[in-house]
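Two complexes, one shared chain (chain A), two partners (chain B, chain C).
Presenting the complex of A and B:
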C-alpha cells in the first residue's frame, strides 16, 4: 500500500494532470462514438492549439516570476503582419521574414521588459498598454488589410512531416519521431536512476520506473500510431513539432538551469532572491522579453495556418494562455508553476473545446463550462493550500486506509461541475511536482 | 472562586503530526501566565486553540472559561467572550492611521457613517491607557514596531478584553520598548486583566510572570510558580528536558591578523534625502575572530551590514572596504558573495527564505554555480550537498526534499546558515542569528559560529540581546544612530558599559574606531 501510494503521490504525482487529460479524452471518445481519437481529429487538435500552447510556455514563466503579460495576442498580430509585409512587399525571402518576425518580438519584449524590470511599472499596466499599442500598430502598418504569406510560412503553421523512405503504410518520419521519443524516455529514466544511485539519493525500485515507462511509452506509441496513419499527405504536424521542441527546451531551462532556478526564486521571494545574489531585474527583463519572442513565434504559426496575417489575429489569446497556465497549477502570486503543467492545462481546455463541439454543445455553453473549469481548478488549489492538505490522490489513498477528515474538500468541490471534476486533481498534482 | 481558565487534555492533530498531546493548564484571574517551550513545542498551537483560530471540534479536550465550558467556533466568538490574541506578526494595515487601525472592523459609526471626531477622542483615550504618545492620525507604517504593538494592545482594550494573549511580544522590540511593554502588562494586571504570554526571554518571564507553564514536544511538562527561588536554569531544564551546562558553548579563540576593514563608511537613506543611516563607520575584523555589534533597533546596524553586502540597502555616499589589504568594489550582492562575504538576515521569512522552496533548493541557492555544469544544475550534486549540511548542522527533518515552510524557526535558521556556509565565505555577517528560536537550537547555532571562527573565518554577530553579544563575541562594537560609538574587548565589556555606548546619541560622524582607543589597533 505504501509503495502504491508512493507511485501515485510521489513520482507519478506530476503526471496526475496527464491522467485527468486521459480521462477527459476517454470520456469524449466514448460519447462521440470514437471520433476524438481519430487521426484527423488529433491533428486538428494539435494544429489548432499549438500556437496558444507556445504562448502558455512563455506565460507560465512570466507568471512564475510574479508578473503577467496581456499583450501577447497583439504582439503576435503585429509581428505576424510585419513578417507578411516584409515577404510580400519588401522583398524578404521567407527565412529572413521569419527572423524579422522573431526580432520584432525580441524588440517589443525588450521594450516591455525595460518598463517592467528597470522602471518598475507593474507588468499588468505595461502589457495592457502594449495590448492596445501593438493592436493599433498592427492595423496601422497593415492598413487593417489581410496580407497573404507564401507556402514556406504556411508549412510552418499548417504543414506535415513529409513522406520519405520506403512505403511502409505509415508515415516514416512520424514513426522515427515516436521511436526516438520512447527511446529517449527509457534511456533518460535509467540514466537518472543511475546518477541518483551514485549520489546516494533515493532510488526508486525498478518496477516502479518500468510501470511509469510502460504508461508513458504506451501513450507515445499510441499517439505515434494515430499520427502515422492519417489520410495520405497528413502526418505529425509541423506546429506540433515546433511546440514539442519548445516544451522540451523550456522544461529543461526552467527545471534544470540556473536561469530557470532564478525565475522561481524571483517569483517566490524577490527580496530573498536579491539578497542571494540573483540579478532580479535582469531575470524579470529576460522573462518579459522571452514572452514576446514566443508571442511572435505563435503569431508566425498562426499566420502560417491561416495562410494570411489579418487585423484581428491573436484576439483574446492572452486569456487562453493565462487560463492554461492557471489550470496547470501556477499560483497568481508567483513562484509556482511548471511548463508541462501549463501545456497539459492548455490541452485540457483544448480537449474540452473539441469534445463539446463534437457533441454539438453550443459555443455559449462551452464558454460557461470552460469558465467553471478554470474557476474550480484554481479554487481547488487555493482551498487545498490554505488547509495544508496533500494532493487529492494522497487524500483518496489516505482515506481508503481510514484516516483523517480530509474528503470533505474533495466532495465539496466535485459535484459542482462534472466536466470540471477531472480537471482539478491534476492541477493540484502538477503544481506540487 | 472558580478557576478563571482551565484547558483540559487538549489534543490537536495535523495530518501526520500530533501538535498537542493531552495538554492541560490552568490560569488564575488577574495573573500573568507565561508559556515556555522550545520552538515546535506547541505553544502557538495551544493559543490558537484557545482563541478559536482552530475552531471547537477540530481538537479534543475541553476548555473551561470563567466557570463554564467554552466552544469557540471562530476568533470572533472568542473575542466576544473577552479573549484577544496578539500575534507575533502584527495585524495592522500600514497605510491606515492609528485611529483607523484601532477601530478596524469595529468602527465608531452611526448607521455606517464613521464619526471621526468621536473616533479620534476614543483613540486618544485608548492610547493614553497604553502610554502611546503619538498623533492618532499618524500612519501605522511610520511608527516603530514597539509602538505598533501598543496599538494592538489598545485595540484589544477597546474590545473590553479580559484575557490577553501575547505571542512573543518582545521578540522584535528593543530593550526600552520591551521595558515599557512589560510595565504596561503589570499595569493591566493591576486592572484585573489576565495575560498569557509566550516568550523565549527567560529574564523577562522571571521579572513579570506569576506562573509558568512549560510545554515540550506537544505535552505540558509542568507549571511553576514564579518566586525568588526560581532561576532560569530551572526553567531551561524543564524546556529541554535536560540541563544545559552553559548557555554558550566554550570557546578557545585563536585570533589572527586583521583581514577585513571598513573605512569611513557612509550611506544615505534610500528614500529620505539628507538622512544618513551610516555615518563614517570604521571597523575591522580579524581572522578567527567573532566580532559583536550591539545596537538597539533602528540604530543602523542592519543598514550598515546590508549596505556593505553589495549595497543591498541605501545609497552609497563614501567609504571603502578592504579585504587582505585590497580594496573591494561591491556594487551588487553577487560581487559580495564572490568576494567571500555572506550576510544572514535578521528577517528570515521576508528576506532570507523563499518559503515555497524545499530545503535542498534553498541551501544551494546562493551559489548555484557550484552545483552546475555549463549553468545546468546537477540535481544529484544538489542533493548530496544538502544532505551533507543536513547532517553537519543537525537539521531536524526526515528529508532535504521537505519544504522550508514546514520547519520550525530554529531549523529554518539552520537552513539559512547552511545556504551561506555553502558559499564558503571568509566573512560571515549574522544579523540577529538567534531571533525567535529556542534555547536548544540557539546553543547549536552558537556552536556553529564558534566552529567557523576556529576555522579561521571572520564572523560578525549583530544582536540586540546583550547577554548574547557578551556571551559569544571576542570584541564588541556599539552602534547608535548610524555611528559606531565605541569598541570593547570581551574582558572589559559589560552590559552596563555597552548600554551606555548604545545610547550615546549625537555622536554622528565621529570616527569612533581610532587606533589606540581600543585594545586592537588598525594597522
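Presenting the complex of A and C:
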C-alpha cells in the first residue's frame, strides 16, 4: 500500500496538473460524445496551440529569473511581418526569411535585454514599452496590411510529417517518432534506477517502474496511434515537432546545465547568486534575449498556420503564455517553475478552450471559465503547499490505517524525480504563500 | 540489463495489441465524404457559423438570427464569436469540422488568415461560404454572400449630391472626403464606389475639395476610429475652412459621420450634408432630427435569411443561386457571389425603411 502511494502521491505533488489535464480530456471526451480524442482534433490542438506553448517555454525562464515579458505578442507580430515582406517583396528565399525572422527576434531581445540587465530598468516597463513599440512597428512596416507567405513557411506552421516507406496503413514517420519516445522513456527511467542503486539511494522495485512506464507509455502509444491514423495527408504536425524539440532542449538546459541552474539561482535570491559568483546581469540578458528569439519563432509558426502575417497577430499572446506558466506551477516572485510544468499548464488551457468550443459554449462564457480555472489552479497549488500543513492531496489520499504519513511519503518520493529546480519542494511553498 | 529486455518485450507487445485493437489504420476510413454538393446531405446536420468579434449590433443580431433560423429549419446550429481574435476563429473553424459541419459560414476577422482552416473544412467535405467578408488567397471557398459594397459607395455619392442640391443652394459646393480604415479591404471599395459618382463633379468644378485631399490614402481613417476622423476634420475646419463654408462631407459609415458632425458643431459651422452607413441607432435619430443626411440600410436579417436559403439548397443537393461570377477574385480563384442590394435611407423614407426592424422600429415610431 505504501508503495502504491509512492507511485501516485509522490507524483501527484509534481504531476497534479498533469492529472488535471488527463481528467479534463476524459471529461470533455465523454461530454462531447467522443470528439476530443480523434486524430483531427488532437492535430488541431497541437497546431492551434504550439506557438503559445513555445512562448511559454521562454516565459517560464523569464519568470523564474524574476522578470516578466509583456512584449512577446508584438515581437512575434513584428518578426512575422518582416519575414513575410522579405520573402514577398525583397526577394528572400523562404529559408533566408526564417533566418531573418529569428535574427530580428535576437536583435529585439538584445535591445530589451540591455535595458533590463545593464540599465536596470524593470522588465515590466521595458517590455510594456516593447509591446507598444513593436506593435506600432508591425503596422508601420506592413502598412496595416495582411501579407501572405509561401508554402514553405506554411509547412512550418501547419504542415505534417510526410509519408515515407512502405504502406503500413499508418504514417511511418509518426510511428517511428512514437517508438523513439517510448524507448526514451524506458531507457531513461531504467538508467535513473541504476544510478540510484549505484549511489546507494532507495531503489524502487521493478514492477513499480513498470507500472509507471506502462501508464506514460500507454499515453504515448495511444497518441501515436491517433496521429498516425488521421485523414490521409495528415500525421504528426510540424509545429508539434518544433514544440517538442524545444521542450526537450529547454528542459535539459534549464535542469542540467550551469546556465540553466544560474537562472534559478538569480531568480531565487539575486544577492546570494551574485555573491556566489553568478553573472546575474549576463544571465538576465540571456533570458530576455532568448524570450524574444522564441517569440519570433512563435510568430513564424503562427504566420505559417495563418498563411499570412497580419496587423493584429500576437494580440494578447503574452497573457496566454503567462497564464500557462502560472498554471504550470511557477511563482510570481521568481526562482520556481519548470518548462514541462508550463507546457502542461498551457495544454490545460488549450484543452479547456477546445472542449468548450466542441460543446458549443460561447466565447464570452469560455473566458469566464478560463479565468476561474487560472485562479483556482494557482490558489489550489498555493494552499496545497503552505508550510506546516499537510498537503490537500496527501490528506485526500491518506491510507486510513496508516494516516498522517502521506506528507512524509510525498517528500520522500521527490528525490527520484528528474531535477525540477532547486528549492522545488521546500522553498516554493514559502514563495507562493 | 535483463530488466530492459523484459520491459521492451512488454512494450512491444502492448504497442502491437494497441494498434491491432484499434483496427486497421487510416486507409479503411480514408473514403471521406466526396462531393457534398452533388448529393446534398442529411437534414439535421451540423451547420457551423463563425462570426468575428462581438463588437457591433449587426453581428449580435446576426448571431441570434442564425441560431434561430437554422434551428427552425431543422439543423444543428453551431454559432461562434471569435472575441479573442484570429487564433480563436481558426480554432473555431477547425472545431466545426471536427463536429462534422456540412456547411461552414465564415464571417472572417481577417479574410487572409483562415486559408489553412477552410482548406481542412473543404477536405472534410463541407461547403464553405464567405459571409459579408471575402476569404482571400485560398481556393477553399465556394460562395461569397454579401451586400454590394461598390453599390454602397455609389449610393453614398449620389445621396451626397442630392443632399447638397436640396440643402445647400447653388453649386459650386465645398466638400471633404472621409474613407474607412486602410486595413479593411471594404474601405477602398466604398470609396471607389462613391468616387465613381463624385469624380465628374470634382473635375467640372461643381464640387470643390478645398483641402486637396482626394486620394484614398489621404482620406482614410485608421481603425475606423471616430477620434481620428474628428481630429482630421477639426484641423481642416480650423485651417482650410476658417473663412469658407463646408457644404458636404462624404463619410463611409455612421460612426465617422457623427464624428465629423461633432467637429462641425464644435467649430460653430452650419452643419454640412453628411452621408453614412450601417443604420446605427444614434444616426437614425440624427436623421430624424434633420442633421445627418443619409445612411445605408444593409438589413442583417435579409443577409442571414439568404445564407440559410443557401444552406437549404446545399442540403437538397441543389446549387445555390449566384448573381455575380466575375467580380470577386480572391487571389486564388473567382468566387461565385450573391450580392444583395443595399438601400439608401434619408428623412423621406426613414420611417418605412425600419418599420420591420426589431430595434429601429422603436426609434422611428415613437
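By definition in this document, the second predicted complex is superposed on the first by the 387 of 433 C-alpha atoms of A that agree within 3 Å, B and C clash if a C-alpha of one lies under 4 Å from a C-alpha of the other, contacts with A are read in each partner's own complex, and residues count from 1 in each chain.
The definition used in the following text is that a residue touches a chain if its C-beta (ideal position, glycine included) is under 8 Å from a C-beta of that chain, and two chains touch if they have at least 3 such contacts.
Keep in mind that this is a model prediction, so the values were computed, not measured.
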### Task
Record, for the superposition on chain A, whether partners chain B and chain C clash or fit.
fit
### Task
Go through the superposed model and pick first if A:79 touches only chain B, second if only chain C, both, or neither.
neither
### Message
Quick check on the superposed pair: does A:133 touch chain B, chain C, both, or neither? Answer first, second, both or neither.
### Response
neither
### Task
Mind working out whether A:195 is in touch with chain B, chain C, both or neither, as first, second, both or neither?
first
### Query
After superposition on the shared chain, which partner residues are touched by A:259: those of chain B (first), chain C (second), both, or neither?
first
### Query
Given the superposition on chain A, which partner contacts more residues in chain A: chain B or chain C?
C
### Query
In the superposed arrangement, does A:104 touch chain B (first), chain C (second), both or neither?
neither
### Task
Kindly classify A:275 by the partners it touches after superposition: chain B alone (first), chain C alone (second), both, or neither?
first
#### Entry: Contacts of A:187 with chain B and chain C, given as first, second, both or neither
second
### Message
Can you work out, in whole Å, how close the C-alpha atoms of chain B and chain C get once everything is superposed?
### Response
20
### Message
Give the list of chain A residues in touch with chain C in this complex.
### Response
35, 38-41, 44, 47-48, 143-146, 148, 154, 157-158, 167-171, 179, 182-183, 186-187, 190, 206, 210, 213-214, 217-218, 221-222, 225, 228-233, 302, 305-308, 310-313, 315-316, 353-354, 357-358, 360, 362-364, 367
### Query
What residues on chain A touch chain B, complex-wise?
195-196, 198-202, 252, 256-259, 261-262, 264-265, 268-269, 271-279, 335-336, 388-390, 398, 404, 406
### Summary
Per the touch rule above, chain C residues touching chain A in the complex are 3-4, 6-8, 10-11, 14-15, 18-19, 22, 24-28, 30, 32, 54, 78, 80-88, 90-92, 94-95, 97-99, 109-116, 120, 123-124, 136-138, 181-183, 222, 331
### Message
Taking the touch rule as given, give the residues of chain B at its contact with chain A in the complex, in rising order.
### Response
14-15, 309-310, 312, 332-334, 336-337, 343, 345, 350-357, 361, 365-366, 368-369, 372, 375-377, 379-381, 383-384, 387, 399, 419
